[in-house]
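The two complexes that follow have chain A in common; it is paired with chain B in the first and with chain C in the second.
What follows is the complex of A and B.
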């Protein structure tokens, strides 16, 4: 998949122990379609740590709907990166994705980094009266 | 005063009835002929004609045709494509708001199993994944009937 364009600034350059280095997915999607994305998070620490991903969609509804990550945490070797696959259903407007990373501190997860990206809406409303007919040539 | 009574003219309904019934029969025959899926042999080509109105500012899009089985589960449209019949595409460039018509030629490959196939015609943006995403789509039940080789 192609990197999606960044709709806003990186909120935090990098976290203490983790850095969201990429968000991958389509640049645009039609309303009601499933959108698959990948969040890549790097372990900045020298040793293995637990890293968790989270995500939410910002498009004018509150609270922000969550992005589904079937596998949302993993132990990652020092300096290594991990890809978390997630998905959501495209609403009827463009969305801003907020991706969060957390590290495990022995007793709980601690927020560490955030990055935002956007997916624009391809409007079905731009197309009307689609008819497809089939004939042998 | 006594008058002579002109006898009522008896209408002959036979001819108009025959005309109406004959016309209805022809119309029904034409309807069922049109409804009949296109009979094709493996190796034949099918023309999928897309016709639609576009209201956007212009851009590049992909037309995709897949043949397989259309289904509705819990009110949601679904489509199960058949391998080899699932990736007929054409890139088109729309200049702006207008009515458009494009033909997409689909070669039915040799070895395609005989049977009747539904069709899905969809419009995608170039960055969308074929078969996974679409902007809009149109289903045709029993679009083609592939004959035995």
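What follows is the complex of A and C.
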């Protein structure tokens, strides 16, 4: 299957045809654990177009490691949103996620929108909400 | 109010929540005694080491039971209960039951002998 091109005039720029409306995942994660996230992207165009997702992790290393998106593009109906599931391994510090969206127009993918979100590092166990009932046995 | 006799067990069904790094060594300590202004005076108790606390980024609930056997080490009367989650990062977490909710009916007791007599 080929991505569907934008039929109208191509105007490059952030959020011209797509908008990243949400990045969903844990607020924090432990080092070395798999972190699953979801990037929700909306097609702002009136018709169906191909939308691609990309992502990178910013935490002090260069180049920024990529976020894995097993399915990284899809044709999306006009006005509809799509969720792209991605994952990465939590480094030993908090990370800033950079999520990018692209649309397909004229044989190429065009960068269109970016959104960032943070995931903090869980370094210590926390306990709470002790509740007790008792009975004779 | 719960009445208990010697030989009974009082089962504390405890739940708590954890998030973050995996942890070993947490303990649940349950006691029967008297809650006073200076703290909790324990008479009978038991302690369980909690295992299997794994990493999770979000709060997860763990449920553990702790049994305290009622022995002659405690006299008849009304008592209080206390459970604490201890050996964890930060301060211990306490739970207290309703005051005087546990009544120990220990050894057999008799009272109230009354007698009348008449010519038969």
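Assume the second predicted complex is superposed on the first by the 109 of 137 C-alpha atoms of A that agree within 3 Å, B and C clash if a C-alpha of one lies under 4 Å from a C-alpha of the other, contacts with A are read in each partner's own complex, and residues count from 1 in each chain.
Here, a residue touches a chain if its C-beta (ideal position, glycine included) is under 8 Å from a C-beta of that chain, and two chains touch if they have at least 3 such contacts.
This structure is a prediction, so every number in the text was calculated from the model and none was measured.
Q: Which partner chains sit in contact with A:34 here, chain B, chain C, both or neither? Use first/second/both/neither.
A: In the superposition, A:34 contacts chain B only.
Q: So, A:135: does it touch chain B (first), chain C (second), both, or neither?
A: Both partners.
Q: State which residues of chain A lie in both footprints, the one left by chain B and the one left by chain C.
A: 26-30, 33, 35, 122-137
Q: Using the touch definition from the top, list the residues of chain B that touch chain A in their complex.
A: Chain B reaches chain A through residues 38-40, 44-56, 65, 105, 119, 121, 123, 125, 127-129, 132-138, 140, 143-144.
Q: Give the list of chain C residues in touch with chain A in this complex.
A: 2-4, 8-23, 26, 30, 53, 55, 57-59, 61, 67, 81, 83-85, 88-90, 93-95, 97
Q: Hey, which residues of chain A end up touching chain B in the complex?
A: 2, 26-30, 33-36, 122-137
Q: Inside the complex, what are the residues of chain A that reach chain C?
A: Listed in rising order, the residues are 26-30, 33, 35, 122-137.
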